[in-house]
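Remarks on the structure that follows.
The first chain written gets the first letter, and so on, giving A, B, C and D; residue counts start at 1 in each chain.
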Amino acid sequence: MIKIGLILEFEGKNLFRKYNIPLVNSMLVTNEQEAIEASQKLGLPVAVKAQVLSGGRGKRGLIKIAKTPEEVVEKAKEILNMESDGRPVTHLLIEEAETIKQELFVSMLFDPETYDVKVLFSPKGGIDIETLAKEEPEAIETFIIPFGDRSYPYYFMYKLKERGIQSKQVVPLARIISTLVKMLYDEDLQLAEINPLVINDKGEVIALDSRVVTDDDALFKHPERKNYLSETLRHTKAEKEAEEAGLSFVDLDGDIGMLSCGAGMGMATADLIEYFGGEPRNFLDVGGGASPEKVSEALRIMMEEGGLKAILINAFGGITRLDDVAKGIIDAKEKYNINIPLVIRLTGTNQEEGVRILKEHGLKAYLDMEESIEDVVKESRGGQN
Amino acid sequence: MWSKSQEEVKIKMAVLLTKDTKVIVQGITGYQGLFHAKKMREYGTQVVGGTRPGKGGTEIEGFKVFDTVKEAMQETGATASVIFIPASGVKEAAFEAIDAGIELLVVITEHVPKVDVITIVEKAKKHKINMIGPNCPGIITPGQAKIGITPGNIVSPGKVGVVSRSGTLTYEVLEQLTKAGVGQSTCVGIGGDPYKATNFIEVLEMFEKDPETEKIVMIGEIGGSAEEKAAQYIKEHVTKPVVGFIAGKTAKKGKTMGHAGAIIQGNVGTAKGKIEALQSVGVKVAERLSEIPKLLES
Amino acid sequence: MWSKSQEEVKIKMAVLLTKDTKVIVQGITGYQGLFHAKKMREYGTQVVGGTRPGKGGTEIEGFKVFDTVKEAMQETGATASVIFIPASGVKEAAFEAIDAGIELLVVITEHVPKVDVITIVEKAKKHKINMIGPNCPGIITPGQAKIGITPGNIVSPGKVGVVSRSGTLTYEVLEQLTKAGVGQSTCVGIGGDPYKATNFIEVLEMFEKDPETEKIVMIGEIGGSAEEKAAQYIKEHVTKPVVGFIAGKTAKKGKTMGHAGAIIQGNVGTAKGKIEALQSVGVKVAERLSEIPKLLES
Amino acid sequence: MIKIGLILEFEGKNLFRKYNIPLVNSMLVTNEQEAIEASQKLGLPVAVKAQVLSGGRGKRGLIKIAKTPEEVVEKAKEILNMESDGRPVTHLLIEEAETIKQELFVSMLFDPETYDVKVLFSPKGGIDIETLAKEEPEAIETFIIPFGDRSYPYYFMYKLKERGIQSKQVVPLARIISTLVKMLYDEDLQLAEINPLVINDKGEVIALDSRVVTDDDALFKHPERKNYLSETLRHTKAEKEAEEAGLSFVDLDGDIGMLSCGAGMGMATADLIEYFGGEPRNFLDVGGGASPEKVSEALRIMMEEGGLKAILINAFGGITRLDDVAKGIIDAKEKYNINIPLVIRLTGTNQEEGVRILKEHGLKAYLDMEESIEDVVKESRGGQN
């Protein structure tokens, strides 16, 4: 299962461009030479913007303005030497610098409770929107669009005019907001946000940033997203491999490897490991209905990632067949060098067959979850309580 | 003897699932569909057939295969359907079942696109059908029938209603209850997706009204605000004892879905917040799953 | 004095257009919009303003300009709107007017995509508003008011209702009537597109019920089956005398829209077929436009 | 106004391909050499199909099967030497030949009366569908899909099964039909038709032809259609020029040029010309709201097309301003060599100003239509009745 979710600024802007949301010109570069060339084509001054997933780039020095060719080189170099989310910055967006008269904020998602589209809008945009939400909540307006209503710009024109936005800006603004609503549906987005959405010195309304969260479950409708740079940036090697194998990999800090089927069970297992005094190192969820190959691959990735003192396999078979899980374990044990304690717990669909397979290969299977967890915590401490 | 209003309630609960409910499997020729069709039949469920467009008129492992849901319903009298179809086909399959007039629809498939889920749920609401899922283990009425993937060997008939957001965790709870000699009236796995057809509140309402259910177990997890809303509902409408459990107490704070996500949802979503919300309305919250049977007794 | 049922009818006809109807122009700052806003005002129509998103609060040639239809309606009390907007913007403009609660909508614009037209018309029907067009000259109530582009100098008040599928041909007929001293009660140009909001039948019904209308002139042309349906309607519901005219008698047989077009529409659509259909229900059909006044007298 | 309407087979198939309607492989070629190369890539036997707008290609020898390379050259040559719709055939589609077990027919459009989508289906497709409709109407089924209903394949599965179509074919067939319904909306089509829709020897359902009529009014949503080959094939030079000028040009057989505003008026004018014993040569509709430039250009095109003995300009101004029409006439008279009688009739919006402008330049304007038509018919006969 490929996980993309949040995409990079330039990827979000490419989506915006497809829907004619107004943007300033920009170019993606990976080194100073390209940055200089881009700034020559775009014209100075330019903004040099790190393409990273975490927010607050301005504060963290990941966005800088360059007014001369020398500054372009200097700022590009500076930013390319920085890190974000534990990785070096590899891509910059060189963008025409805008003269900003006002910064606005717009963000929207499907409300999980009502399924309506919930649109947040504020005439006070910029970097501190979460602070604003706390300190001046009345500065943020909420518009509700009932599910399925393909909203038109005039709807938002009414709303915005009621909030005192000027005639001149109300038209492009309303068009941008209604376009974003359309994009939620047609592009399968979980979140579409522009902050800041700026009014420049010519009175034009322009999307200066993008924050777009895609729905990974809809990848089959948008296969081009598999090639997004954000996809490769997001993951460690193990996460990437897990993804390719259709697994979910969560990095933690301890020394017990955890393999389970289902996220809820995984969380409860982690809770119990901590309850019994252990520390989970990672959590590999093979999901429902995992094949032997998937289980084996999960164990390979876990071993390669290293840092483990013991592994717990906690499988409760619903859609998953425990004979498949057992076969996967045996396969991994034979192929990869699993030299640490392997604590296995199997209950559910085809449990007897699973236990039998393990037994044939000299492996014991717990039936009780707490017993198995107590055991793996003990093993992680070298067999001592 | 039942009073009249209890009788009505009994009928309402029967709408979900009894040994008399006739069930079809959409996607019955698939690996998962066929495997679980057999498991359901073994458990006693009246699995009267299934659909696989293009294979109508054939049989597979004793199940009649139909091209369409409407034909399957007409020929078998089925009123319930369970969907075991890849995510990309779920919207069409669910629409077909709803349009054909199905009364109970259970969607097991995970990773259904969110816009599709919302569209399906809106249609189900409009047609006033009972829908569970997607990405859920389904329903089991111990000793009678099951629709979905809950293992049949971990349940036993009794008086505790179980409702859960998590798949495998549900099985764990059911097994613990059964081992402890605590039988279940019905277990509804509502599914772990943020968007879903049936949530805690609807099932709590059914359990509150169901004369077969005396106590309720509710399994939640971090994220969203469904448990908080359920707590509010319990306070106002539920008189039967509720025992709760929340998974994810040690989870790192996840990345939010962006500013709107954070602002809209506020501080709800943590295990701590959910546990406190439930405790504040009198729900006993278990720290470990294994404590649940004991908490039910007290 | 009117009897009660006649009074009701009078009100219904007034819904379309009287001197008291307040009208706004969507697209009032455009070349055509402004030109015809002035022409309408000169004729006596209460053109109380218009819309042009982004120019709200300004004035143009004495007309107030608003950003939105809702504001225009609230501030002026307008109940009718006429759309002079390029085809690509018509759907949004019409949706806005309908959602804002307009009672009468006239779409002058031609070349609106057919799927857009159908979508607009379905919405107008759902909201039960009167809509005329698209691609039509609009409505004129001689001596009172006009919405649209019918020249004001070719009509005169009277008792003949005129309904027409053709734009310029309508003007020709109106002028011939006026020159011959035959006044008109109302003229409705329903537009020449195959898909449109109001067709012959609806207008025939209004004329039949309207006490101001004594006789009816109906102008059709080749293609489609609207005239044949109108003939059927006249047979069953219209007691007032009807004079007809069909344009395109010498047209070459056009290419059909493919097999489905030919099969669905059968042999209807020729001038000959339409003339025969109308004649068979007692409609006098003029061979030349200039014969119409004479046929109305007889 | 560009008019495309009906598009060529290969253009329709390109649209089908975008929606995954099953097709056999094919290549577009313009000469025998390309035809040979295409047949080598596709594999013999192939069908050699003229890309022309009129139907009945099989009967007219415009589709031929070639089993050997020699036959490919021969058939391609033959067809490229043929004519259709008064033009030489310039493009061929070379297509893998299919083994046909059954020919079906499906066609659909929006019903102008009800706005529903009306789907016609027949298990007896092939070249004689109109004959079938007359002789065996019960062999054609009609399915009605209410407007706005985004039909799903299962809907047509029910319908087709009721008509006795086999399980195996019912699925791909229903998918094709529901896809065509979707295309009507999303591609702004006025007609979508496949005849024949064939079942081949492997039991696959394949669209062997396409007949697609596009909505020209929706060109702004589908700008790529401006480059369709069908667009260039459809028109004479005069029609093409008229189109580019935003005019509608209709070719007739007589000797009187007719310029008018509005199609209904044009038809009624043609009727009257014939009534008075004249013969219209062509009909140029400048539409509503024509500018002086448009009127002038219309007269230029009309003169260049030639064959005229007189011109009638019959303008009734509604949205059209008659001063604009008058200005256009004067402009054309000054620029182009209009050496034949020009009979003008003006009534309506800004009539006085229009008449005044004409008078200033020595041109008379009729106010009465019949008078003007009687006059132009007389002029077309050299001034004699």
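Convention: a contact is a pair of C-beta atoms (placed from the backbone, for glycine too) under 8 Å apart; a residue touches a chain by one contact, two chains touch by 3 or more.
Please read all numbers here as calculations on a predicted model, not as lab measurements.
Averaged over CA atoms, how far is the centre of chain A from the centre of chain C? Could you give it in whole Å?
Distance between chain centres: 56 Å.
What is the distance in Å between the mean C-alpha positions of chain C and chain D?
28
Tell me, which residues of chain D touch at least two other chains?
There are none in chain D.
Connecting every touching chain pair, does the picture come out as line, ring, star, complete or other?
ring
Using the contact rule from the top, write out all pairs of chains that touch.
A-B, A-C, B-D, C-D
Give every residue of chain B touching chain D within the complex, in rising order.
On the chain B side, the touching residues are 53-57, 67-71, 92, 95-96, 99-100.
Using the touch rule from the top, collect the residues of chain A that touch chain C in their complex.
Counting only chain A, the residues touching chain C are 152-155, 157-158, 161, 167-168, 170-171, 174.
Which positions of chain D touch chain C when the two form their complex?
Against chain C, the touching part of chain D is residues 1, 6, 105, 107-113, 115, 118, 120, 129-130, 133, 140, 147-148, 184-185, 188, 190-191, 193, 195, 211, 213, 215-218, 220-221, 252, 260-265, 267-268, 270-272, 274-275, 287-289, 316-319, 321, 347-349, 351, 369-370.
Taking the touch rule as given, give the residues of chain B at its contact with chain A in the complex, in rising order.
Chain B residues touching chain A: 32, 35-36, 39, 87-88, 108, 110-116, 118-119, 121-122, 137, 149-151, 153-154, 164-172, 175, 192, 194-195, 219, 221-222, 224-225, 229, 245, 247-252, 255, 257-264, 287-290.
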